[in-house]
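Order as written gives the chain letters A, B, C and D; numbering starts at 1 within each chain.
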Amino acid sequence: MIVEMAKNASREQVDHVVERAEFLGFEVQLNFGTEKTVVAILGSETGKTSTDIFAVLPGVESVSRVMKPYKLASREFNPRSTVVNVRGVEIGGPRVVVIAGPCAVENEQRLMDTASAVKACGAAVVRGGAFKPRTSPFSFQGLEKDALKMLSRVRTKLGIPVVTEVVDIENILIVAKHADILQVGARNMQNFALLKELSKLNHPILLKRGLSATVTEWLTAADYLLAEGNNQVILCERGIRTFEDSVRFSMDLSSIGVIKRFSHLPVIVDPSHAAGHSAFVPSLAKAAVAAGADGLLIEVHPNPEEALVDGLQSLNFPTFEKLMAELKPIAEAVGRSI
Amino acid sequence: MIVEMAKNASREQVDHVVERAEFLGFEVQLNFGTEKTVVAILGSETGKTSTDIFAVLPGVESVSRVMKPYKLASREFNPRSTVVNVRGVEIGGPRVVVIAGPCAVENEQRLMDTASAVKACGAAVVRGGAFKPRTSPFSFQGLEKDALKMLSRVRTKLGIPVVTEVVDIENILIVAKHADILQVGARNMQNFALLKELSKLNHPILLKRGLSATVTEWLTAADYLLAEGNNQVILCERGIRTFEDSVRFSMDLSSIGVIKRFSHLPVIVDPSHAAGHSAFVPSLAKAAVAAGADGLLIEVHPNPEEALVDGLQSLNFPTFEKLMAELKPIAEAVGRSI
Amino acid sequence: MIVEMAKNASREQVDHVVERAEFLGFEVQLNFGTEKTVVAILGSETGKTSTDIFAVLPGVESVSRVMKPYKLASREFNPRSTVVNVRGVEIGGPRVVVIAGPCAVENEQRLMDTASAVKACGAAVVRGGAFKPRTSPFSFQGLEKDALKMLSRVRTKLGIPVVTEVVDIENILIVAKHADILQVGARNMQNFALLKELSKLNHPILLKRGLSATVTEWLTAADYLLAEGNNQVILCERGIRTFEDSVRFSMDLSSIGVIKRFSHLPVIVDPSHAAGHSAFVPSLAKAAVAAGADGLLIEVHPNPEEALVDGLQSLNFPTFEKLMAELKPIAEAVGRSI
Amino acid sequence: MIVEMAKNASREQVDHVVERAEFLGFEVQLNFGTEKTVVAILGSETGKTSTDIFAVLPGVESVSRVMKPYKLASREFNPRSTVVNVRGVEIGGPRVVVIAGPCAVENEQRLMDTASAVKACGAAVVRGGAFKPRTSPFSFQGLEKDALKMLSRVRTKLGIPVVTEVVDIENILIVAKHADILQVGARNMQNFALLKELSKLNHPILLKRGLSATVTEWLTAADYLLAEGNNQVILCERGIRTFEDSVRFSMDLSSIGVIKRFSHLPVIVDPSHAAGHSAFVPSLAKAAVAAGADGLLIEVHPNPEEALVDGLQSLNFPTFEKLMAELKPIAEAVGRSI
């Protein structure tokens, strides 16, 4: 941590900063410039310490970090890339893993049809929402536990892993029983009470990026999941909130390169929620694979016109099939398969 | 809802939109322009309906709302401004209600000292965090239930209402037992599972604005709280996430005017979390009162240097006292007291 | 344009809106809902009219557009995709056009070396800054007219077109004399005085997206360039300003799909300025090609360590050569060449 | 500047950073932590130097600033607050200066009526647009030089200073002849060619904040104006671009406190362009005065329904008069007059 003293800071104020840092067990080095004094506070634990502890002291102008605030998710902590194994499907390995299915589970037949269709096209995992966190209380909220059972039967019949969202602590165990990957939604990325409970599980977790979370905050949230030893964490970029209004969220594909540099965790991309419109999904899906994403999360519905949730952003079977065919040469162009 | 058809949309496509709307029970009026056909879908329930239901149909170019997606929180639904009564303290009435106290409860003596001090300066409610949702798992997470008991004893001794945050469903009842107002934090504004449970209570709720929530989304989240009949909802503006980096969050004071126009709910302002630095709190607090806020939520600590959480943004007793003295003439200038 | 009247609007207020619209020559259709009256104002010229003209009238709740505010840049106006021919290099055709070179021209030898190197790797156009709009007045401002002459000599020697930025009206003609494409920088996207002058030229213009411009505003700025008949406009996505701080700007690749749907103009991508760091450029460049971009604008410097401007985001010759090799199969995967 | 070396950086890489810094004339201090080496580069000129110069060197993880990138606009450079004297009206002194008038000059009679009305209510300066930078080329672009002459005659008749926008270098002298303050619009805040020319003048300049400019970038743009000795610079906050869609721009009143702390320049606030709707202007105007703004810039029109530009955000005479009466006690509450 680097503490910049104000131009007119007194020697006593500098000493006060030094004492505080040494009290906390850090090394300190002083840099006396002609205009300002700079105090370097060093040690591997400084990343875990709030900069406020020093910023609040008299005579301090500003404090900046040297160590990142996340640790367990960092590549410095674990230089080898993590591969999450979901019943034999490896996320973070050479294969680009496509997860596809309906936004919400609507009934068993439709789920089965969709799961079969996406599997036939090359999807490796099936998605389907059981608990639906909706912006409005008047919207369809999901079939909840009934949907979990449908997902469970589909995975048994088709032999394909399934992912679904968990929205509260109370339902963690039942979701974990029926699903292979537990998804934490964007709006819950900093629901720390939920993250702490999930951290105790030994189950793959898909952590969606919060809609206004920086990559640093996202990786720090991942630290919550990793804190109790669960290391099966998959990140999912799904677009961020910006001023742009032609799409629902602005897909931030630069996060792929940033995560690959600073973290060991695999990262997949959800083009459906970012675009908010099926017309823009294929372009973003292709871009994500070219950018180096480890997988995709794509909404598919047999008849988007009839979908109860997010039909506008869902691909139908023919467009999904076409997209999968188009993705294959791109995956190969970046040295991967699909 | 206004459905704009594409320039080359066929008559069959227009009819399809009309049928869908009529099937849902809406009135429809067709507008045939020289370039485009526009379908107006009318009725008081259209606000509750997703625009996607029409946007997904073939030949549709775009869909825009006429009715707002929130209903119960709207001034159209309830033209009279709501006043929330918290043990005799009215929020939304002529008095500007100042809520003050430490970010986190650290120990009982310090809480009592702070509560006494802020009460003596004119604060009407005491705040204190028991469960602390922290960005990093390595940060202090609050004294939890012990803190609730301390808050409870302070309110009994001083006869002043208290507010504290609730972070999960499991602890709703115990928080409701010890606190007069339950706060939903910014990161939980769209934790719909939590909101649904709180809606069943008969207890004032302070709903902080999500850090990237539009005012419309915020009022739609308030609809979740209001849906089961609890009408004691107080909104709290606390700054939004933007590109500006000289403060922690950009205080959006235009939300005060917007809410007063479109909603009947009272709205207070938290300058401490927005600023992130005590030096900027007084300026924002004064601005909030002048803008028409119904109250303020201010962090105060006997010794910010020693605070376990957010010391940098906390006022000490003398600066809080000075601010309260400065706020009084501003409140009077806008026809209120403090 | 759709004018939504307030719930309690009088018949006189509705009539007033109708009169105003008819006075402006528009068709009007009235929709009387049970709760609200909606006035549809139709006609191909409504897109050019400010919504404020109606929003300001008494009894009006809100006004929304049906027609987009841009016209000449729209695909409705010109359904066939525009191909800009720059001395034989087609931008917007099947070839993905790579434009490469130094951020700023530093001296003739270095420019010539760089131009030769990027041409050898497959770049079709050379870039080089002569006038440099810098955030700080203390930074290097470019070699100005000397740089223009160097660019001119390089294009003659190597037979390759060049692009450089024009920053004021005064220098338009001299820039047009020495360069094949005139670039309008992001900070000048809404410098309308400059756009109006450029509109009178018969010269390809590269219009960078403003750092906080929506796609709609960007296309409306393009309308300024197209207004006098110059139809040789190339758009350039270069990242938008968001809260994310791990890169300089957040690359918005969803704009590619949006532009391809709503506009006929070609669009290229500048990954260098978005990333701000050479480590992230290859990932974004590949993503852009996969997303359907018509070209790339990449900064290359023989020795980024020594660059006077933006060295951090410049590729050196070996990394550029490697990137070009990696881009080829991606271009082929999307049915194009490079 | 603080250079953080990567964990595995070699001693040679550290030495390379040191040599580069010493070559540029800076002092260097090395801090060897157990995990990382940190190089402190000190000296008053480091603020003017790009961080990229060091970030690009091998073995460097990141570089952060200690000195701010602006110098002349900083309070460190000039501890005394600047007061700009505009023909006897002091901006930055005890009086809150209200500048009011129409968005665009439409005709002389209407301008004179408006100027007289706002002067009678206490406005100290009259505004009126001559050159109008409009988002769409199809919108009214202003009366240009005719409007300048009208402004000139109004100031002579009423004895009140006037402000108008300058949009290009070509017209600087004529605008300076007819107006007392030259306004640089938000979209030109980083039109550095224009700023450089204005810097040569001895004339007050009103520098509006760019719509996505940080306060730091804004003050750095002010450095361009101050670089040639012109010290009559007034800043104007006018809202920033965010995701919020209920107002045109999000007014960032935290900038007032930040500027007062870090800069000596006066700062005024334009609530009209931020709100985009007259209903929200009074609340924001009052908040701005309470926050400590040195003045206001408010759009007033005799009949907003008839305004050619931005009628929706203009106050009419009675609402402006009412607002001025409401502002007076707020100004007094913060120890100022109006």
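In this section, a residue touches a chain if its C-beta (ideal position, glycine included) is under 8 Å from a C-beta of that chain, and two chains touch if they have at least 3 such contacts.
Note that the structure is predicted; figures quoted are calculated from it, not measured.
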{"item": "Higher-contact pair (C-beta pairs counted), C-D versus A-C", "value": "A-C"}
{"item": "Inter-chain centre distance, chain B versus chain C - centres from mean C-alpha coordinates, in Å", "value": "38"}
{"item": "Centre-to-centre distance between chain D and chain C (centres being mean Cα positions), rounded to whole Å", "value": "26"}
{"item": "Centre distance in Å when chain A and chain C are each reduced to the mean of their C-alpha atoms", "value": "31"}
{"item": "Per-residue multi-chain contacts in chain C, two or more chains", "value": "212, 241-243, 245"}
{"item": "Chain-level touch network, classified as line, ring, star, complete or other", "value": "complete"}
{"item": "Touching residues (chain side chain C, partner chain B) in the complex", "value": "2, 4, 7, 27, 29, 31, 33-36, 38, 40, 42-44, 62, 64, 66-67, 76, 241-243, 245"}
{"item": "In the complex with chain D, residue positions of chain C that touch it", "value": "48, 50, 52-53, 55-57, 69-71, 131, 133-139, 167-170, 187-188, 190-196, 211-212, 217, 220-221, 223-224, 227, 241, 277, 304-305, 307, 310-313"}
{"item": "Interface residues, chain B side, partner chain D - complex", "value": "212, 214-216, 239-240, 242-247, 250-258, 260-262, 274-275, 279-280, 283-284, 286-292, 326, 329-330, 332-334"}
